[in-house]
Amino acid sequence: MRSQAPPSAPSGGLEGIAEFDFGRAARRGYPEAVLCEGKTMDHLVAIARAVGDRSSSNGHEPLGTILFTRASPDQAEAVCRELPGAVHDPVARMVAWPGPAPEPSGGTVLVLCAGTADIPVAREAWLTAQHLGRPAELVVDVGVAGLHRVLARVDQIAAASAIVVVAGMDGALASVVAGLASAPVVGVPTSVGYGAALDGLAPLLSMLNACAPGVAVVNIDNGYGAGHLAAQIAASG
Amino acid sequence: MRSQAPPSAPSGGLEGIAEFDFGRAARRGYPEAVLCEGKTMDHLVAIARAVGDRSSSNGHEPLGTILFTRASPDQAEAVCRELPGAVHDPVARMVAWPGPAPEPSGGTVLVLCAGTADIPVAREAWLTAQHLGRPAELVVDVGVAGLHRVLARVDQIAAASAIVVVAGMDGALASVVAGLASAPVVGVPTSVGYGAALDGLAPLLSMLNACAPGVAVVNIDNGYGAGHLAAQIAASG
Amino acid sequence: MRSQAPPSAPSGGLEGIAEFDFGRAARRGYPEAVLCEGKTMDHLVAIARAVGDRSSSNGHEPLGTILFTRASPDQAEAVCRELPGAVHDPVARMVAWPGPAPEPSGGTVLVLCAGTADIPVAREAWLTAQHLGRPAELVVDVGVAGLHRVLARVDQIAAASAIVVVAGMDGALASVVAGLASAPVVGVPTSVGYGAALDGLAPLLSMLNACAPGVAVVNIDNGYGAGHLAAQIAASG
Amino acid sequence: MRSQAPPSAPSGGLEGIAEFDFGRAARRGYPEAVLCEGKTMDHLVAIARAVGDRSSSNGHEPLGTILFTRASPDQAEAVCRELPGAVHDPVARMVAWPGPAPEPSGGTVLVLCAGTADIPVAREAWLTAQHLGRPAELVVDVGVAGLHRVLARVDQIAAASAIVVVAGMDGALASVVAGLASAPVVGVPTSVGYGAALDGLAPLLSMLNACAPGVAVVNIDNGYGAGHLAAQIAASG
Amino acid sequence: MRSQAPPSAPSGGLEGIAEFDFGRAARRGYPEAVLCEGKTMDHLVAIARAVGDRSSSNGHEPLGTILFTRASPDQAEAVCRELPGAVHDPVARMVAWPGPAPEPSGGTVLVLCAGTADIPVAREAWLTAQHLGRPAELVVDVGVAGLHRVLARVDQIAAASAIVVVAGMDGALASVVAGLASAPVVGVPTSVGYGAALDGLAPLLSMLNACAPGVAVVNIDNGYGAGHLAAQIAASG
Amino acid sequence: MRSQAPPSAPSGGLEGIAEFDFGRAARRGYPEAVLCEGKTMDHLVAIARAVGDRSSSNGHEPLGTILFTRASPDQAEAVCRELPGAVHDPVARMVAWPGPAPEPSGGTVLVLCAGTADIPVAREAWLTAQHLGRPAELVVDVGVAGLHRVLARVDQIAAASAIVVVAGMDGALASVVAGLASAPVVGVPTSVGYGAALDGLAPLLSMLNACAPGVAVVNIDNGYGAGHLAAQIAASG
Amino acid sequence: MRSQAPPSAPSGGLEGIAEFDFGRAARRGYPEAVLCEGKTMDHLVAIARAVGDRSSSNGHEPLGTILFTRASPDQAEAVCRELPGAVHDPVARMVAWPGPAPEPSGGTVLVLCAGTADIPVAREAWLTAQHLGRPAELVVDVGVAGLHRVLARVDQIAAASAIVVVAGMDGALASVVAGLASAPVVGVPTSVGYGAALDGLAPLLSMLNACAPGVAVVNIDNGYGAGHLAAQIAASG
Amino acid sequence: MRSQAPPSAPSGGLEGIAEFDFGRAARRGYPEAVLCEGKTMDHLVAIARAVGDRSSSNGHEPLGTILFTRASPDQAEAVCRELPGAVHDPVARMVAWPGPAPEPSGGTVLVLCAGTADIPVAREAWLTAQHLGRPAELVVDVGVAGLHRVLARVDQIAAASAIVVVAGMDGALASVVAGLASAPVVGVPTSVGYGAALDGLAPLLSMLNACAPGVAVVNIDNGYGAGHLAAQIAASG
């Protein structure tokens, strides 16, 4: 049995593995992130190394903070080994490099989550917004089964420039918050729940049908996407 | 071309058409209803006639009020022709015979509906509960996009023995009401909405995943079933 | 590699983790339960501890029995360690604290389950009803493939104030029981089965389309929700 | 604007339209049927004419009864015009040619249907079995909401060689009948119902998950297929 | 046959019909809109009249522009009759009252649509953004099958404060535009297409999985919701 | 931590665990089988023991062969320990007790399977038919990608009284075989395949839409159900 | 009531309506087609006119044949009025301009269709291949229920350079043909069928899971797409 | 406990296991491949051995390269043990025997993949095309989020005879590439992504609705099928 050679990876390069979009920060204002899930360890390490090499070489624009999302513990450890100074948030499954978030600017991003089990996704949104440069706040467990909890946050809701609502099961919090807010609401359905929650399809559909206008929705469990969009919305805050 | 004879219908009988469950009121406490949708006019008329015949013949227990549900205007007119004294509610698409609801007993059934377009289904539930013998109240357009509307009904919610929540789109009202109520909540998702509302599947899933316990769900647009169940729940009110 | 600090948990508090709805028993008559599934061990332990602390502190209304549902063996053990006197039912995957159910009042809740594999969900419903204060009975393996089994229970069905039917596969038991009963029926579809059972969607749809009125449905495998609703229905029994 | 010529149809032939499987009766024991739905009037008339021509020409084996299924009134009339002696059953939407069913042989096919709205599909199955040569019986409106109705038919069920169960909504009748019968049960889910009946998917799934063995299922509303299969099963009665 | 009286509608009031959220403009900054689809003509007319009455009575804050969305031609005509000065856009199926859009402020909303058949939805978004106070631009038929069409708009894309992408079928335009833009992108999947487009579910799923971050999605064909959200995003432009 | 006692199991009895349908063989001609999947080890062992006890006690009709289906290796071993003389087929995941199949009678059951990966399900059908008393034949890997394979079996197909077709992926074999056969065809879709095979939904739908009449379908991977039905069909062979 | 002006359409131009990809023939070898379905009559007529204008103006490359697909009779008539010399095939719902197909070149495209009701889609594929320059053959009604029909075409199959298989229901013909052919097979599932055919999803899934390699699939009923692809495949014959 | 004997496997034969289609290369031009997934180790080893035996015996046509697809590491090792000279590509999960690809002929197959996580499927397509005799090129990570990446490949796209596009999530690359190419595009949706990617259904639907003609689609993750089809298309290059 001979094993065929894996895709060649020339010194420091990414040929046959990836074509990192190093120009994205210049083009769009925010750098490319790396979705760790689904990548082999070899490929991920090669990408992390290329990011580090690019950053330390001359003549390029600064990359900004590179986020590694949905990282397993092993993946996170491997990335942190390649990129000294990276910070790992195990609850959010995210690695940020360099670790410290930039000085915040723009309006505030408010992340509200319906239940304790939604915290990982909510943290991912909250950290993303911070790493993309916004002041951000996180409020947990304000689901509509006890309406007083969200009503107690009305002032915080009114002050935000962009709101992220993270909820599984019935996803009802998105409609309720949008009905109270003047800022745009980004809904993040989560896979929290079981049975007819259908791995997050139930809150996804619920949020897409929010009876209050001013809600748009990202993929199930996509805290990164919501934080990114909220940071864009709040940029001119 | 010869047309084969339709199923034979002996004088006054229903052979080959239906086997009406005349014993249901004795057995379950509530009589059988007739779902008009999907029945041919011939079959429906034969059933209405058999109901009238049975009622006027001796030696049987009283039938109670017979409801004809989801009746098209033509079907309603035909039923009313067979059963003098029947009353037709065109919004609810329901015919009741005899027309007047019985004297109410038991606890109050409260029907809350989220939007104006949900009124037909809500009325069906409200009328059913009345015809099955309960005092019933109907409150419309209290969707969560303007939360003050349902919060203004907290006392009414507290006083009810059974609550029916009728909502399409996000179906969020069921969770919000259950979070405020001690009485059981029967959720009725409606086909109001479009696109990802999926003809009522979105609020159905949302209500099945209500984050507040105390909610159970009936079929999409099934106002009759909800009113029936609420009447049973409130019986000992 | 530095690990970012997890959400801060001040002494005895739940900040950043949960906002327990301690007022629910006063507001709704039944206390909040804790869905263990999907929560990290840290978060779950913090919640259990806060429940214990609240209970032993002065000046609050009594909490009532707190149920921890869908608990893995590890989670159950951890909760029991925090809350001495708690009782764990491993089949139902439920921990109750305090352990003994209150003195029963109201009408009887009858839980019927179609097959042996439905027992875990049926027990969850049965125990919930007891812990919320109702007398409750459990009857197993009375699926419609051998109709004599459910027909032998007609008297028990007639005597109940609320009936929970737990069934997977075809979910046919709900329609059959509702056709025999005057009490409301709460259907609980289960994920028992394979292939076209679609993890419980088949019995869910079947029960939503029950040809006998008087059935409402909760989420797949949601024994807790069914027991809660049945306890509410039977309260004035 | 010139209209391109339609597919050529040589005198009496079917070129470019169909390739009728005239050998099927010899090969399989039962002749090919014609599904009218979806065919243009021109194509259908050409097929009916070819059937007539084939039958009146010499040197071929007899065709047996040709059934035209799911025929609209217009289609039925056109077929009957081409094939004198054909008989149209408007409820079953079927045309049979020649009209009289053959002398029955083999065991009895029993068709049971759950509700009045299922009669069209049940009749299609019942007529098909007769035209394929079996003695056949039709029993209507014996849904499980009133179990006494099907229990009154136990002897008829025991005497049948093949049973067809036609039901919409919960489809529960299939499981109940199979639990009582020694003969094979062919389930026909119907599109009767609304909302979560999903145009017949709910009873389809329910029947596929019948908790009693001895049930197999055909397509939604496919009375023809069920009658065909039942005739095959009962052939050696 | 007596027809039961419809829900009472006291002079000028909306009791039993609607509970218009007149405070929404004050609370959220944008007034409530009226979804015409699914409402009876009587109910719709009553709502339009109440809007007119409220506006002409003293002592209330100004309502702002009231939009009537998804209006059939008959509905549009009826609304215009009640509200002199209203303007109807038949392609967008929208009525605005008062007709003229307010003086634009904030950043520019850019609406891009993939094909000619998407124009009705795109116009709905474009008009909504204008009526809620933003400068807005509409670009049609720039689908990715001819990539040069969208690449010719790069400057326009760079100048926008909020972008709405309207596309059916593969929904690919959302990803492509987001990859070029720094402004947030609101995706509107449309029901344009057939077969596996599944009435808009295909582009809905495609947009939810946009490989470029910065996209959030509203309901299928929901041009109003997209225009509303884009107006909120561009408010501080 | 105290563990609540599991459901009580009186000596030799099944109370709280199961209500075995010992009368099924007398009523239906075939005994009840035990679906192992989803049962706890304790419950399964108690059922096996009760079967053994019943069999060795006097005054009962003979049970016939009891089949334990979808048994994991551990479950199979436990059942065999309780029931000496039982035989385990690990490929079919089935235990039969007593082990030897009865003397065959009736017509032949022919099981055809499309691919090698379908063999476990095909064997389950083949063994079930044998244990229910029919002569049975098994033919593997005759999928339609190489049509000569099934065409070589035309004589075997013509000789069978009942045919079971086991196929995953496109499920096309069912239509092809039915087009060649006069005997009824029972289709068993399997979960073999990946992606758009949707765990067996693709061949399930394909078989339900078989263009040749004479096919009915059982649940995905339900070899037991297919073998049972085929044995019933071939009984009078 | 004032009606807002529709999107402006400058003389002969398409501004606000479409941005016709006149360069596609040069870029891809085949011109853009016009999907009529979903376009307003005004928009369609404007596009047809622009096509005519472009063709008669100087200095452009020739457009090639422009196909208008899925045209209703009214739409077809309107297009033909704008473009003298256009030819309409009402069965295929297609208008071609100019009418005569170009001189054929390349290999032969063979279109096989399973049933008579599939002819409209099959004709659309067959005409498209001809108008894009290939010799093309059409064979109808060779479904696998009578396998001799397709086996009689083995030589024709062997001689083709590209094969289009058009089938509804079980879609089994695609696998069978691919198993016999060396040329690539393009599968076109059709919406022919009912119930579990799910408007063409059943054959779509079946073809995607074809057990014979060498099959790829286009959208349901997409005869145009299949003919286009087959013409590309057969180009170098 | 006695274990029943497994299906008999006569010396070197495959009876009861498989009926290898050794004639496929002669009939179709390409030999049968072996899908390892879902096969037991015993069955797979027997097949590999039979392939080896056939090859070394006289009087048969050469088999061509036999591919073993979707092989787990254990399966791959077992196959390589039976077939000396086989080569294993662990990323593509493929074993080829004999190892070296044949001398390339025909046109070039170009495989484009959208992201790094799509590489395993892309490699499977690329290797399959090579082993079936075509020159093949692989380009990775050219997703549309950075459009410059695919635009840089326009010449390579123009030179290809067949193009395979491998993409998960939005699947948008297929439409974009088809809009630029004259060669046929085979789309391979992948299960890369999460949540609403629905295990590859999202890109599958997106590609089926590609707004550019010239795309056909194979099963999710089916790199083998795409490579096979592309090799067929490019055969006459």
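Just so it is clear, A, B, C, D, E, F, G and H label the chains in written order, and each chain counts residues from 1 on its own.
Just so we're on the same page, a residue touches a chain if its C-beta (ideal position, glycine included) is under 8 Å from a C-beta of that chain, and two chains touch if they have at least 3 such contacts.
Computed from a predicted model, the values in this text were never measured in an experiment.
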Given chain E and chain H, the chains that contact each of them: A, G
Rounded Å distance, chain D centre to chain E centre (Cα mean): 49
Mean-CA-position distance for chain G and chain C (Å): 56
Where chain F and chain G are represented by their mean Cα positions, the distance between them in whole Å: 46
Residues of chain C touching at least two other chains: 145-146, 179-180, 193, 195-197, 201, 204, 208-209, 219
Chain-to-chain touches, reported pairwise for every pair that qualifies: A-B, A-C, A-E, A-H, B-C, B-D, B-E, C-D, C-F, D-F, D-G, E-G, E-H, F-G, F-H, G-H
Residues on chain C engaged by chain D in the complex (per definition of touch): 114-115, 143-147, 151, 168-172, 174-176, 178-180, 193, 195-198, 201-203, 205-212
Chain A to chain H touching residues, read off their complex: 1-4, 6-7, 14, 16-21, 23-24, 32, 35, 37-40, 43, 47, 70, 189, 191, 199-201, 204, 219-222
Residue ranges of chain E in contact with chain A within the complex: 27-30, 33, 107, 161, 179-184, 186-187, 204, 208-209, 213-219, 224-226, 228-229, 232-233, 236-237
Residue numbers on chain B that touch chain E, as the complex places them: 76-77, 80-81, 86-91, 99, 116-117, 119, 123, 138, 140-142, 145-146, 148-149, 192-197
